[in-house]
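What follows is chain A paired twice: with chain B in the first complex and chain C in the second.
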Partner chain A sequence: MLIFTLRRFNLFVFTMLLLTILSFSLSFLFPGDQLVNLTGQVNASPEQLAILSDKYQQNTNIVSQYFSYLTHLFHGEMGYSMTSHLPIATEILNRLPATIELTSVALLVAMFVGIPMGFCAAIYHRKVPDNLILTFAMIGYSIPIFWLGILAILVFSIQLGWLPSAGQISLLFEIEYVTGLQLIDILLSDSEYKWQAFQDATRHLILPVIVVALAPATIFVRLARSAMLEVLDTHYIKAANAKGLTFSQIIYRHAMRNAIIKVIRDVGLQFANLITIAMVTEVIFSWPGIGRWLIESIYQRDYTAIQGGLIVLSSFIFIVHIVTDFVYAALNPLAREPQHGA
Partner chain B sequence: MNLIDIRNLSIELTTGTKPIFAVDRVNLTMKEGEVRGLVGESGSGKSLLAQAIVGVLDDKWRVDADRFHWRGNDLMRLSPAERKAIISKDVAMIFQEPMACLDPTTTIGEQLEEAVDVEQLTGFFWQKRQQRKQAAINLLHKVGIKKHEVCVKSYPHQLTDALCQRVMIAMALARRPILLIADEPTAAMESTNQGQIFRLLASLNQLKNMSILLISHDLENVTHWTNTITVMYSGQFVEAGTTEQIFNQPYHPYTRALVDSSPKANRLIPNKSRLMTLPGSIPILQHLPIGCRLGPRCPRAQQKCVHAPKIKNFHGHQVSCHFPLKDSYS
Partner chain C sequence: MARDKIYSEEEFPTPLMQLWHNFKQPPVVIIGFGCFLFLIVLAVLANVITPYSSVENHLDHLLLPPAWSDEGDVSFLLGTDNLGRDMLSRLMHGTSLTFGLSIIVVIASLAIGVVIGSLSALTSGIKSSFLNHFLDVILSIPSLLLAIIIVAILGPGLENTLWAIIMVLIPQFIHITRNAVKEEFAKDYVLASRLDGASSIRILRYSIFPNIIEKLISQATLAQSAAILDIAALGFLGLGAPIPMPEWGAMLANGIDLFYIAPWTVYLPGLAILFSVIATNLVGEGMRHALKVRKEN
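What follows is the complex of A and B.
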């Protein structure tokens, strides 16, 4: 298990190294002055630029320039936004929790809906439920997200008026910033309208979460279905059957665990996909998350913000990836063996 | 009374065009306490027959029989659920690859415990839990595993093949079966381990009067451990009789060839001479010959062989051949 952890950590370090190299090289590739791109100081005077150039070791070779960039990064200095002139780190810290909230809830919803549906389809293989679920999965996978988001707003917010169409919470409520995760902050706050605020925040969350979760859920349906079919075809299921276990015992005790292991492996991969969908959804639902901020920065040619957002989002995806790897290892005894530690 | 009595059991592979009889009208009878060998080449349908008896075949196979009696009960008249209840109570099966037949993500202990019959337990559920644990450990002792603490906690991939097979046998014993079907229990095992497994099965037969249906492709190996043998070829019944009858005086040309092809079994052949073999190889399922399926390879085949032969019974020695070798031994 120690080797497993070390290997994961090793992978993390090297991937981050590559990511920072990419982000550093972006400052050269973007139009404009490299130092300005890196720091975001658009209106700096020549004296200030000289100080900055000294700080980022612009006079030395490119390797020490890169290392001075890394040092700044480790201290949380990612420069200033070219448009808002606020530090990138503050901007990201303000927005990342909203994205974490949206994506993690969406991931959980996608898993808890998609995986059982896939299992159900596999158990009723080639029968009516299987066909229905596969049809749903096909349709859900094919619908474009931007269209689905707008349609959801049209139907549920404008025509039916059930759910709010934009934002994270109604402006009526004032929630103290503690963790940044809205739902947790509400529960931590001592406002007397706590529960109303919680309800309101949940209502705001429903539509974007459904839109984000739909496509990953359909992928989980198909992954879970094929994993379950594969497991149901194995010798140990046949042996369990011969042992005299009932069908539901076989499913709950043997088939489900083995099938979930196969699906968990791919959850980390799907998460990158889910983040992309979440970025588009944040724009549609005016969700104050990092995705919307990043897309706006691209429109406004805020090069410093693009670099910072890139690093933060990719490391977030990567951390989720590693966490799913650990969950996989916890569930699968084979993966904990040293020879399978890769 | 016969323990199991199967007459004309066919297993059909339902395909798009026409059904294929993978097992064609096979007979099998076993008495209580008998060790019967079921011998045939790979692909002769012996595993299919065993799985059909236990009832673990997929939907794509269709089983049909003129008679399928289990201790006097006609199983063909019962619904699949009732049949499964009777069979899983009294019949246990161990499979070819023990490692693949154990759930890789569950510990041996848990898998053993769930095999223990509820009826053997008494008291409240917390007492039952304890009893289940104890029963699992006793089962491990019964199959000769002494380090039960380690074994109960390990996962299948941490054990050797022979140990896994012992665990499989322990699991099969959990329901105290009357008939144990062992489908090539020692395939892919070293010979020392093979001996251990066979000795274990033999002692279970003697001590518990448990009947065993031992499936093997190796005629010579099973003769040490069996009382009676049934030979199959390409899904058809060939010959059945006591081990001595089959081994010393086979009536069917196929069994004759099988015995002659083994150097140890037939000590009369001189050194460095060629072993007897039949020309050709076992037919594939898509192109099965009509009548007696051995026909194209049989040295004694004649025109009559395009019709499937009726089973002839010579004092309990059954043979399915138009031209049995009975007269050649007088």
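What follows is the complex of A and C.
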């Protein structure tokens, strides 16, 4: 387990190194002055710029410039937004929780819907349910996400009027900012309208979550289906069959557990995809998350914000990758130490 | 009477022929393939067969619903948009933009990715391990975020979006070529031609490429459905094709303000995207199925 951890840690350090180099070089690639792109100080006077250039060691070679950028990053200084003139770190901290909330709920929904459907398809391999589920999966991952979002708003918000179409919660409720995760904040608050606020926030969450979850759910369907088919083909299932276990005993006790491990390994890989979908969905549903903020920063040419967003979103994805790797290793002895298996 | 076969000669079809043989078995794949070909024809002939130009305004026919509704006009089969432009013509022109350009994008990144991938498969040691990690980093950044960053560097516009998507797609082709080439290099038939004195480039050209081409094509179909969705998504976000262009994503963004009074301006471009992505995915699915069947035999 120690070697496993060290290897993952090594990978993480290397990845972060590359990522910071990438984001550092972006400040050169973006149009405009490199120092201004890095710090976001658009209106700085020449004296202020001189101080900044000293702070970022602009007159030394490129390697020490990079290291001074790294030191600033470690202190949480990512410069200032070119449009709002707030520190990027604060901007991101205000918005990241909303994205985490949306993506994690969507990921859970996708898993709880997709994996059982995939298992079901595998159990009825090449029969009617299998074909139906595969058709659903094909449509689900072919559908353009922005179109789906608009249709969902048109049908459920405008024509039927069941669910709200924009934002995270109705403006009537005032929720104190504690963790930034809206649902948890509501439960922590001591407002007398806590329950109504919770209901309202949930109603706001339903449509975006369904839109974000659809494509990953269909991928889970396919992963779960092929994992289950693989497991059902193994010798230990045949042995269990020969012992006279009933079909449901085999599925619930043996096949499902082994198949689910294989699916969990790929959950992390789906996360990058999920973030992409969430970015577009945030724009459509006016969700106050980091994706919408990033896309708006492009319209406003806020290069400092794009750099900060890249670093934060990608490291978030990496952390999720590593966490799923650990969960997978904890569940599956074969993955952590080869001597456990054949 | 002519006899086709005089000798009972054994025929060995090329990997590509074998792929086609297995590919055409399931009927649904052939339907998808037919739709795919239809879209290609449409993309090529769009300028010739459309009834109107994509920017021609018919100011006395604003927001005309499709012909099957009561107020519709049969000379505008799918209705018109808020500037009186014929939806059918715009959708057909859009095929050559969204679908046609996605093919070009995929071919370009396939070519670059295969060259870099096969060169990197021939190297080993620290250079190759660095490249591997570098690819892992790039592959784990969300594709749209990467495309947005490249668009931010280059500036918005359809052409810059295409460059951005080409660059986003290259790493996956490098990755798959590299792995496939390495896998083939370990096999005995490559060793045999190596013992005959063939150089690495010759082995690549005559022994390895014919055997990995189907893997590359199947990856290309995956990449193409991603490319269609990305071109449309960037167009929708206003970072890709400018609004007057009949690119499907931009058309959708244009219709969004009107979608309550003129829903066809939103659902038609969306259906067009859905149709082309499903056709591409069906072709890809058939390809992967054919590969699996071949592996099992």
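What to note about this one:
In this section, the second predicted complex is superposed on the first by the 337 of 342 C-alpha atoms of A that agree within 3 Å, B and C clash if a C-alpha of one lies under 4 Å from a C-alpha of the other, contacts with A are read in each partner's own complex, and residues count from 1 in each chain.
Convention: contacts are C-beta pairs under 8 Å (C-beta built on N, C-alpha and C of every residue); 3 or more make two chains touch, one makes a residue touch a chain.
Given the structure is predicted, the values throughout are model-derived calculations rather than measurements.
With both complexes brought onto chain A, simultaneous placement of chain B and chain C is permitted, the two fitting side by side without a clash.
Using the contact criterion defined above for the overlaid structures, shared-chain residue A:L26 touches chain C, although it does not reach chain B.
Look at A:A272: by the touch rule set out above, it reaches chain C but stays clear of chain B. In the superposed model, A:V283 makes contact with chain C only, not with chain B. With both structures placed on the common chain, the touch criterion links A:W147 to chain C but leaves chain B unconnected. Contacts of A:I295 after superposition: chain C is touched, whereas chain B is not reached. For chain A, the partner that touches more of its residues is C, with chain B and chain C as the two candidates.
Residue contacts after overlaying the shared chain place A:A224 against neither chain B nor chain C. Using the contact criterion defined above for the overlaid structures, shared-chain residue A:K243 touches chain B, although it does not reach chain C.
Superposition on chain A places chain B within reach of chain C only down to 13 Å, the least C-alpha distance between them. Listed in rising order, the residues of chain A touching chain B in the complex are 234-236, 238-245, 249, 253-254, 257-258, 261, 331-334, 337. Within the complex formed with chain A, the residues of chain B that make contact are 51, 54, 56, 84, 88-89, 92-93, 95, 97, 100-106, 114-115, 155, 157, 168, 171-172, 174-175.
Those residues of chain C that touch chain A in the complex are listed here as 133-134, 136-137, 139-145, 148-149, 151-153, 155-156, 225, 229, 232-233, 236-239, 249, 252, 256, 259-260, 263, 266-267, 269-270, 273-274, 277-278, 281-282, 285.
Taken together, the chain A residues at the contact with chain C in this complex read 11, 14-15, 18-19, 22, 26, 29-31, 138-139, 141-147, 150-151, 154, 158, 272-273, 275-276, 279-280, 283, 294-295, 298-299, 301, 303, 306, 309-310, 313-314, 317-318, 321.
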